Every structure is written in structure tokens, then in C-alpha cells.
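What follows is a set of notes on a single structure, which appears directly below.
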Amino acid sequence: MSEPVTQVAAVEVRGVDKVFETRSGNVQALEPIDLTVAAGEFVSLIGPSGCGKSTLMRLVADLDEPTAGTVEVFGKTSRRARLDQEYGIAFQQAGLLPWRTVAGNVALPLELHGEASAARASRIAELLDMVGLADFADRYPDQLSGGMQQRVAIARALAERPRLLLMDEPFGALDEMTREKMQTELVRISAETGAAVVFVTHSIPEAVFLSDRVVVMSPRPGRIREIVAMRLGAEAERAERTEELREERVFFDMVTAVREALHGGSPIGTGARGVETR
Amino acid sequence: MSAGAVTAATAPGRPKGMGPRTEATLRIVAPVAVGLIVLGIWQFLVSVVGVSDYLLPSPVSIIEELIASWDSIVQATLITGTNALIGLVLGSILGILLAAVAARWRPIDRMSAPVVAMLAVVPIVALAPVLNSMFGADSQFGRQAIATLASFVPVFLNTLRGFRQTVPVHRDLMRAYAASSGQVLRTLTLPTARPFILTGIRIASSLAVISALVAEYFGGPRGGLGSLISTSAASSQYARAWAYVVASIALGLVFYLATLGLERLLQRHTPQARRRP
Amino acid sequence: MRETESARAGRGASAASVSRPGSRYGPGGPTRPARRGGRRLATWLWGLAGIVAIALIWEVYKLLGPADGVVIGDARVLPRTTDLAMPHVWDMIARLGEPVTRSASAQPLWLVIVLAALSTLGIAAVGWLVGLVVGVGLALVMQRWRIAEWGLLPWIVLSQTVPLIAFAPVVKSWGSRVEIGAFEWQDWMSVALIASYLAFFPIAIGALKGLQSPDVIHEELMRSYAAGYWQTLVKLRFPAAVPYLLPALRLGAANAVVGAVVAEVSTGLQGGIGRILIQFAGQASGDPAKAWGPIFGAVVLGLVAAGSVALLGVILGNYRRTEEAS
Amino acid sequence: ACSASGDGSGETDGGGDLTPVKLQLQWLPQGQFAGYFAAQELGYFEEEGLEVEIIPSGGDIVPQDALANGDVDYAIAWVPKVLGSIEQGANLTDIAQIFQRSGTLQVSWADSGIESVADFEGKKIGSWGFGNEWEIFAAMAAEGLDSTTVQIITQDFNMNAFLQGDIDAAQAMTYNEYAQLLEAVNPDTGELYTEDDFNVISYEDTEGAMLQDAIWADTARLESDEAYQDTTVKFLKAVIKGWVYAAENPEGASEITIAAGSGWGPSHELWMVNETNKLIWPSPDGIGIIDEAAWEKTVAGALAAVNEAGAHLITEEPPATAWSNEWIQQALDELEGEDLDLTGEGFEPIDVTLEEGGN
Amino acid sequence: MSEPVTQVAAVEVRGVDKVFETRSGNVQALEPIDLTVAAGEFVSLIGPSGCGKSTLMRLVADLDEPTAGTVEVFGKTSRRARLDQEYGIAFQQAGLLPWRTVAGNVALPLELHGEASAARASRIAELLDMVGLADFADRYPDQLSGGMQQRVAIARALAERPRLLLMDEPFGALDEMTREKMQTELVRISAETGAAVVFVTHSIPEAVFLSDRVVVMSPRPGRIREIVAMRLGAEAERAERTEELREERVFFDMVTAVREALHGGSPIGTGARGVETR
């Protein structure tokens, strides 16, 4: 929101690969990946289940370490960036602490980093206002709907005004109608804050609606198959992505473009009866 | 919950850089090492520091005593073990049956709640003398009754919980199949409750042994581990008393492992946490 | 059992929990207080009915059952019905109102039992506290270092198969040697120590489970906040452990009482319920109803102990929200 | 706990510091120990410059072990049990044989036909265990009976097992369990049982008789610790005075015991004091003097007894240090001048009527 | 599959309403509803969360009883139809019994209704073949992916050759790509068996892709707002709905039509910050 948009890339992934050691042998989750996310840019990762979207995001967040390659966040190592709280993160499950109120949950990162209590209170009010939950500050997560919980999680991720937001299928557990509403909210919020976003999703329309660029990944071992730039982004400011867009021709075209990138040239027909990819 | 499930759920907690093989080894080595260290300190205290062997016999003298009175120890272990086994079996059966009844009829459930709560807190020492009066001091039945009561509580509570674990989608399914209540019990309720029942039985197993043993302190035929521990201790034969204690620990362990094995055997296909392929 | 399935909460599980019907965000709390009060009353009444039913079964069996009980083969499967074995319910109750002995200074039986129970309760409470400290301490160590869990947990489980009663005299004897400055080991401390031996077990297991219970997602959240071990402990692990700790503490309280009574019997400590338990058991031949008094006392004591911990659960209600929701 | 090593200033008449002493009983407070409570209550210990703490024991406390471990200064225990402990390594000395006779009975129903130890064969014989069973085995051994020829049933704290027929012959102390029988209601008559309802075998009349309540002291300290020696004599003097009081004032001793925490009712307590007196008095050589013949008989019985698990109580003669009349004799001598009946010549038991329930 | 398609309607809902009595008062879940599903017809129910879709389906299945009105299934009362096993049912959660193998789960209804063991085995083989899981007969549910589990649930629902299939968000828990695959499968299967389907979903594209008619419901208390007939159904046989359809103009048009019916004339704009509809 207030941070000046610097020219250094928000995320710089270079030659990162990841191998998990398991009881049944090694799993190559990612093959060397290169990806740059500019400051303020909205990038979605899409791909079949198990292709390594979450893994890639976790490497950026320094929740896991790459087997090879480097990850930089705003020019720092990912570890440094984590310690400096350069990013905010949200997962598919809202992951609210059930014993804390809405306000308490949003306050958590601020508390942990020793924010003074007065500053905290005003920041929380601001955040809850931003996600439209000002009236629910004293509710407990179990008293909220799924969509409201996710909004709290997003507010929490934004609490420390990060310049980068990492979101792993944050709307995956919501029903489609709530989901569309949340997408619209997210567009507004990310425009307001000016943060870069790395957004993992399974939904093509979602990726299309939200992103400046959509990174399409191939099945395991995860590679980047194609990066589809959204013409939407070029034509219109992100904040202007409204509900009407969803019914426009250009939207369907982009959806089709991503669909085809995803199916990667292979015939789309009913592969049928086959085993799932995961 | 089975140890296996714990591992699966908390696998990320494995110390960094430790392979699965190392983990498997350490899981065995670590407890053995702890046991050996304790034994070592004990032996050291007795033989080097010189804590009187009269009060705290050394591990070595206990082992000697174990060998010396092997026959009578086996005999005593069998007596106590039989009582505990009968108690465990009876208590488990009673617990499962009563839980089934309580799960079926709400009034029974609500009425049994305080009674079970009371049974859960009654000290065996309090009950042993009156049960001996009620069931006769000349048979093992009083002890078996105590072991039964002790086993009953965890089995009942866990089973009752298990009977409540059927998920709505399964109940709906059964209704959609127009399944009779017997069919529902057989195909849904019992299998759902099974892990809970088995957990209850496992918890009950140690309790059964310990209560059968403690009950021997309070009357009834002699010959079990409990009465021999007390007799040996009363005549200051502490090494022998400890040998009987070791036997009773072993007995408890056998019961625990047997029920754990039963659990593993019947639960081979319990859904584990979804592991990534 | 269940938590393992939800630990990795697949999309299915989480979606299910989100779309579960119910008044999750209705006004106020989950249920209205008046209703809740009414239901609590009903629970008590049913419970009372259960106890009355047991008393009725007792009396009916006593009336109809053969004096020497029902013997099948060698085993007496149903008890004797003599006054010696099964005193009348009303005799047991009436006995509580009478003085303990004919001695002029004798107090009524119930008062003696209450005083003894209070004394035992105090000792059990100390034992429980020690058990709490030891149990939670062990759980912390085991949670922090997996290797410690592997090394200690089997022994902790094994420790409960040790016939504690065999150790009461040893504990008492060792205790009597402890004398540090003005501090002198008292006999009741031996009893409390034995009580703590029984109490620590469920607490250690429950606390370990609880400390390990936070979802992976919450642990990673804390990591993403660069929160240290202690911060994670205070903000995440302890709160998340509450639903596991409460039943464990309740069990621990019941165990502490049982342990205290056993140890009192075993060491002959004066003043407690264990002491009058053996004393009155010794008088049961001539005064069968009297022996039941301390038994009831011990049961009520256990319930009071467990109940006080349940009270703790009410205070910590906010930490049990997930528990209530499921 | 090693407190008898006072600074020696604890003179008899010196009103200064009292020497702390711990006495371990072998059961809960009851008339069996009336003399000690009387000495306490009537200030006899204090007069000797001692401050005595009387420690009752419970189910599992072994008094002689508490003494051997140094937890206490003196302990009351049965001779055969301590002989076993001595063989295991305890270093203890019987310094006063308070009970001159065995008070153990084996009680059966009047119509049971069990009239002597020889009749035990094939019967269910009750015993408390905890080392109280050696007289039975010794008596049986004298009759040529092996301990496996009977079924030993552990009695709990009351006589219900006997009253309900689980046991053919129950172990009973004259002063306690026998009274419990006489306090119980006979369901057939609605009245209390009477002595006529039972056959009573007294071990005193058998080869199994063994010495019972004795005062034990730490042998090593007796040999080397002068303060302890001094305290021992003073302690014994006070104890003697206590028991003499109990002999002459059973009612008073009974009340003192009740006040000291015995849970028994007045009639039972009085019975117990009275019966205990009968085990002590008369003491022809003076109270507490160990009769060598009785000692030898106890040792012989202990050597002969084998329990049902095949274990021996002792396998060899106890050391000479196991008993000594030195201290009790000195105490008796010091009390000689006072107007005390130290042999119980004039002792007359009283008649006690037991009431229902021992209350 | 082999049943002759009769002329009596598969489902006939007349004036059905439903009130739930709860502790906090009565909840009017459905206002009087009329709906007819022809034999062999594929009808989707769509509407915001809490609008009573599941409730309506449960009434048809006789898992709940209507407060007023009647439900007929193939001319019988819904209770009779349930006892006669006239329908098969599948839920959002696959609801497999975790202690039974794939084959055992599919066998469950057959076992319960006393089908002979030989006939059972051949039927199970046939069903598993149909859902493409012939090789997984001896696996346990936890060894399957979510999509495979749902296929087992569908096979189970088809076990007794019902002429009516009730499906409550059967693909709700799947990721989008798996979901599309399952939709294609379902089209094939329902064409093969000729069963009527009542299909509850949140997803407009899903409803559009699958259905002959889409029933759009309004928020609580649930009413039918509009029934949108899919021109797709008129133009092409259901079995011919292939992957390509998803990228065709007519598909997007139908999606838009349902979207608009769903938003019910109310302006589509960013209602933003408001509370969720449920």
C-alpha cells in the first residue's frame, strides 16, 4: 500500500530443483525451474495435482529447501526474506487458530514481532475493514463461513504490509459462488496494496481472472510448460477486473488458451478410464 | 492410536537429514539405550557407591534370584496372568455390550454415565475387601472381578465413543440401501468402532494385570505375584520381591504387546493418513 | 485415530467441515444459556436415576438372590446376599449418620469420612501438581526431540505396569532420608509422590499428543513468521494442546486420588481416607455397613477431583472450540 | 532420623532439651500397643528426657526394615519375621520381649472337627500373610504336615471370609480378630456369636509357638553409640512404666489408645488391652526379659517352617547379637526401687463384654 | 442399461416444502417446490450454498421427510422407492467404507440385498471395468486418489442398475482437472446405463456440460428460480459431449445464461465487503 515499488524482482527462482527422500525412494518433485516475478505482479501457478506447485511456493517461502538452485526474494535469500517477513502467506485451509478471535488471529504476526499494542489495534481495524469483516472482530473462526475465514487469513497475510503475497489454493475449499466473490475481493486488495502475488490454483478461470501471467506446469516431475501472459492485463488495469469480465469474449479466449497450454498439445479427447495422474 | 499412525502423521518432525532407515534403527536403539543407562546407574549405585544391597538389591542379584526361584515365579505369573486375562476378557465383553446398549438407548447412556464415572475413580484397594466378602475369599473370582471392573471402564468408554463415530454420509448410505438395523451394526457400526474398541482393550490390558495383582494384597488364595511380592518384602527378601516385580512388569508388557499386536493385526487396513505417492 | 486422517486434511475433509450445517455463526454462543441449564438439569436427573437404579438392582438381588450367591461350577458368578456381603442400601446410608464408635467423643461417621477425604484430597492435589510438572516436562522434552520420544515413551508406558504398591515402603524409606536444611521429608510427601507417579502418566501422554497436535499448516505458519521455539510453544502448541490436556488432567486427578489412597493404605499414613478404609474394613465383620462409608468417600473424592479439573475446562472454553464443533 | 545421638545432656531430671526418639509400631494404633501410648500420654517418656514419636504402620510397612534403614530408632515386631530379616542382612537386636506368649489362634467352627493342628490337612487355612504365617507352618511341621497339604487363603482385614465359610480355620489374634468374631451377629440367632460357637487352637499350646511383639534396636548403634545405649535404657524404663499402667488401669489405657487415634470402639479396645495384658503378664523374670527357652523354641520353629512356595524363613541359627537382656535388665534394675509390679505377680485380668460391631 | 425406459417420470416433486426444527428455531429450508425429472433425463440443481439443494435431493432419496407435499419416484412413494432400491446415490465425500477394498465397497449394496456371490463377482468386475478401476479391485480406499474414490462411489451407486442416480456434488472435492475428466466419464456412463440423474453442483460449467436441464435455485428459503434447458441437449446426443465442447461458443453462452439466472437479475457488480449469503 505505502511501500514504494522497487525495481528489484519480487521473486527470482534460478535452476531450482527439489527431490524428496521417502521410504519408498526418492521423489523428483521439481525439475530445474527458472521463474521471475516482478514487483507488484500477479502470477498464478496452475497444473495437475502433484506437479509441484505447492513445492515451488514452499521453496519461495523457505518452508523447504531446494535440492539445487537458488531462490531470491527481493534480492535476499529466501531465508533472510522469511526472517525479515518480506512475504505474507495463505493456504488452502484458512488455518486460523480456533481459540483466537478474528482480531486475535489477524494480530498474531504483529504480536510475534512485537508490534506495540496501540499500533496493533489500529492496524487490525484497518485490515478487517479492508476484508469487510470489521463487524466480526470478536467472532471465533468456527462462527464464520468458509469464505469469511479465508478473508481473515488474507487479512492476516497482509498484516505486516508484505510486498509479496504467497497463496496456495486459498479458495480451493470454497464453493464456486463464494469463490468468485473472493476473487473479486482479492483483485481489489492486491491493487490497493500493490503487492506482488504468487497464486497457486487448479482453476483456469480463476487464474485467468486474477493474473498478469499464468505459469502452466506439467505433471511430475514438475516443469514449467508455458507461461501465458494475460492480454487482459495489458488491456485493463487489474483493479478494473470486474464481474462483467467473466462473461466477455476475451475472458473465454484466455481460458481456452490456458486450457490448451495445460493439455500441452496432447489430444484433449476422453483419455477416459486411465489412472489419475496422482 | 497406534504408534504407526503417529509416525505417519508427524513424519515431518523427523530430525533433519535422518533417513527412514536411520529412524527405524534409532526407534529401537533409543529405548534400549535408556534402559541400559538406568540399569547401569542402578548397578553403579549399589556396587560402587554402596547403597545398601539390603534395601536396593542390585540388578545382578535380582537376576540371580529370578533364576533361583524361576519355577515359583512362573507359577505365580500364571496364576496372576490367568486372573488378569479372565478379567480382561470379561471386562471387554461387558464393556462392549453395555456400550452397545448405551449407544442404542439414550436413557441407558445417561444413566450409566455417573456409574461408570464412579467406577473409574474407585480405588481398587477400597473395593477388594468387599468384593472378597461378596464373592468369596477362597476362589480367584474376587480378583477376576476386580480385573473385570478395571478393564470394563476404558473398554466401555472407548467403545461408546467408537459407536458414535459413524459419519453421516455412511448412515445416509445405509438408509438409502434400506439396510436393517442388524445389517447396519454388522457392516457399519462395528467396523467403525473397531479401532476404538481395540484401543480400549489395549489400555485395559495393563490395568487388568495391575489390578489383579494389587487385589492379591487384600485376601484370597495365595500363590499369585501380588501375594508373593508382599510375603517376600515382609521377610526382607527384597531381591526376591524385585524378581517378582520384574515378572509382573513382564506380565504387564506381555498383555500390552499382545493387545497391541491384536490391534495391528485387525487394523492392518485402517486408513493411514494419506501419504503422498 | 481421527486426527491422523485430518492431519493431512485432504480437500474432502476440509470442504466437509466448511459446509457442515449448523448454527456456526448464529448470534451469540453455540447454545442459549437457559436451554443449556435445562439440559444440565436433565443430565443430573438421569444420572441420579442411574444411581437409584443401581441401588434398586442391589436391593432386588439381595431380596431374591440365594444367600450363598449364584455358583456355577466353581465360580460364584453372582455375589452372596448376606448382610455381611451386601448390606442394605438404607443401612449403609443410615450408618453414615451414626457416630463412628460408641465412645463418647466419637464424631458421626460421615464427618469422619469427610475430614479424611479432605486430607487425602490435599495430598492428592500435591501429587497431581507434581505429576503435572513432570508430565508436561517430559512431554516438552519428547516433543522437542524425537529421539527423546523414542527413548522415553516406551518406558513411560512400561512404568504403568509396575505394581506401585510394592514400592510404597521403599519410597517412604528413601524419603525419610531426605533432609535439606530446614526442609524435612514428611510421610505425606511419600504418599503424594506415589500419587504423582500415577498422575503423571496420562498427563505426559496427553500433553505429548496435544503438543504434537497442531496442524502442519499452523506449524508452517509460525515458521513463516520466523517465530522461535518458545513463541511457537506459547502461541501455538500450548493452546492447541488444551483439548488433549484437559481429559488427561482429569484422568490424572482421578489417578492421583487412587494413588494417594493406595499409598495411604500401604504406608499407614494417618488422617486420610486410605487409613479409615483399612480400619473400617477391619471392623466389617461386626459392622458391615461401616466399611462402605470410606468406599463412598473415596468415590466422591475421585469425582470431586476429576470434577474440579472439569471446571478448569469451562474456564478454558475458548481453547476447546474445535472440540465442541466436532 | 538418627536422633538418639543426643548431646548427653538429656538427664533424667534435666528439664532441658528432650532427646527425640522414633518408635515404629507394626500396625495401626490399637490396644496391642497401649503401653507405649500410655507412656507417651502419661509423660513417662518425658520424665526420661525423651520425646518419642510413635509411628504406626500400614499394610506394607515392615517395621524392622524401617529400623534397619535408620528411619526410626526402635521398632515393634514379631520375632520370627525379624529373624528372617536378620538372615537377609539386617543387623538388629531384640532388647525387650514385651509379649511373653504367642497370641495367635486358629479358629474354626465348633462343629468343624478341627481341634488340633493335625486336623488342618486338606483344609482351607486362613492367614494374613505378610510374615504372619510362620507359626502355622512351624506347628504343621511339628505335626509332620507339609505346607502344601493345606490350602492357604490370605485373610484380609476382617473375619468375613471365615464367617462366610471361605476358610475352614482362620488366623486370629486373641486380642483382635477373635473379638471381631464375638462382635459379629449370628444371622441364625440374630444375637452375637459366643465362644461356644468356635473351636480355638492356640499356637501357644503347639510346637509352632513363636515370640511376638518385641522391641528391636539397631545392633551396631547399641555396640558403639553411648548416647543410644543411654537412650535405650531410658526408653525401656518408660515403656515398662507404660505397660505396668496398662496392667493396672486397662480402662485408662484403653481410653488413652482411643485418644491416640485407634479407630476401635470402647468395648473392643478394652478387650484388646485386657488380652494384650494377658500376653505380657505375668512375666516371672520381669517384663521384657527374654526367656531363652522360648527364644530357642522360636528359632527351632523358624528353622522348621517352610511355606507353600518352598521358601524357608531362615536356614541357619541367628547370630548371638539377635537378642540381649542387657538393656531391659538394666532398665528393670533402675526401676527396682520404685513401687512398680515389674513381674505382674498381682496381675488380674478383667472381664470385658464385647458389643456389636466393636464400636 | 438393460431396463426399458418407461414413460412414467423418474422423479415427481409436488408442492414439497421442508422446515427443520432446530434449537435456535425453525429453518425454512425449502418453499413449496414442483419439479419433474423425466426418465433418462439429466437434471442439475444449482444455487448458492444453503439454498436447499441437498435437502431436496435427500427428500427424493427418502433420507428426510418433507414437511408438506409429495415426492414420487417412478410413480411410487419415495419410501417405497428406497425400499425397492429404485435409485443409486453418491455424495460429495465418496463415503467409502475404509475397511473394505474397492471391490468390497462396490459389493456392499449387493451383499446387503442378498445377491448371490457368483453373480456379485461378475457384476463387480463389470462395474469396475465401467469406471476404469478393474486393476484396483483389491486396493483400499486410502490407497486411491480422490478421483478414483469418487469413481468407486459411482460404481457402487450403479451396482443395482438403478433407473435413477442421485448425486450430491459428487465432484465437489476434486481438483478441476480431475473433475473435468470425471464429468466426461459420467456423461459416458449415464449414456451407457440410460439412467435419469439428479445432480447437485455448485459449478456452472459442470452443470452446463452435463445436463439436459439446469434447475437454478434461489437462496434460502430455497425456491426454483428458473429452469434453463440446455440447447446442447437438443442439438447433440448426450454421449457426444466431448472435451471439445468446453471450448465452443455455445458452451460459453449456456454458462452465461445460467450465470445470469443465478444472479437473478440483480446487478452482478462487486457486492463486495458484504456478508456471505449463507
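We just call them A, B, C, D and E in the order they show up, numbering each chain from 1.
Criterion: a residue touches a chain if its C-beta (ideal position, glycine included) is under 8 Å from a C-beta of that chain, and two chains touch if they have at least 3 such contacts.
Quantities reported herein were computed from a predicted structural model and do not represent experimental measurements.
A.B. asks: Taking contact as defined at the start, I'd like the list of chains shared as neighbours by subunit C and subunit E.
C.D. replies: Expected: A, B.
A.B. asks: Count how many hops through touching chains it takes, at the least, to reach subunit C starting from subunit A.
C.D. replies: 1
A.B. asks: Taking CA centroids for every chain, report which one is farthest away from subunit E.
C.D. replies: Relative to subunit E, the chain whose C-alpha centre sits farthest away is D.
A.B. asks: Counting only Cα atoms for the centres, state how far subunit A is from subunit B in Å.
C.D. replies: The separation of the two C-alpha centroids amounts to 49 Å.
A.B. asks: Which integer distance in Å separates the CA centroid of subunit A from that of subunit E?
C.D. replies: Taking the mean C-alpha position of each chain, the two centres sit 32 Å apart.
A.B. asks: Report the inter-centroid distance (CA atoms only) between subunit B and subunit D in whole Å.
C.D. replies: Centre-to-centre distance between subunit B and subunit D: 41 Å.
A.B. asks: Spell out, as numbers or ranges, the residues of subunit B touching 2 or more other chains.
C.D. replies: 55, 129, 133, 136, 139, 217, 230, 233, 270-272, 274
A.B. asks: What parts of subunit D, by residue number, touch at least two of the other chains?
C.D. replies: 59-60, 62, 65, 69, 156-158, 160, 164
A.B. asks: Return the residues of subunit E touching two or more other chains; collapse runs of consecutive numbers into ranges.
C.D. replies: Each of 49, 93, 172, 175 in subunit E touches at least two other chains.
A.B. asks: Can you check the complex and tell me which residues of subunit A touch subunit E?
C.D. replies: Contacts found on subunit A: 48-49, 132, 145, 147-148, 172, 175-178, 181, 184-185, 188, 202-204, 242-244, 246-247, 252, 256, 259, 262, 268-276, 278.
A.B. asks: Quick one: which bits of subunit C touch subunit D in the complex? Just the residue numbers, please.
C.D. replies: Those in contact with subunit D are residues 80, 82-85, 99-103, 105-106, 165-166, 168-169, 172-173, 176-177, 187, 264-270, 274-276, 278-288, 290-291.
A.B. asks: Could you pull out which subunit C residues touch subunit A in their complex?
C.D. replies: For this pair, the touching residues of subunit C are 9, 11, 14-15, 18-19, 24-26, 215, 217-218, 220-227, 231, 235-236, 239-240, 242, 318-319, 321-322, 325.
A.B. asks: Which positions of subunit B touch subunit C when the two form their complex?
C.D. replies: Residues 1, 5-6, 8-10, 12-15, 26-27, 30-31, 33-35, 55-56, 107, 110-115, 117-118, 120-127, 129-130, 133-136, 139, 141, 165, 195-196, 199, 206, 209-210, 213-214, 217, 225-226, 229-230, 233, 241, 245, 248-249, 251-253, 255-256, 270-274 of subunit B touch subunit C in their complex.
A.B. asks: Hey, which residues of subunit E end up touching subunit B in the complex?
C.D. replies: By the definition above, subunit E touches subunit B via 58, 61-63, 82-83, 85, 87, 89, 91, 93, 95, 97-99, 108-109, 111-113, 140-142.
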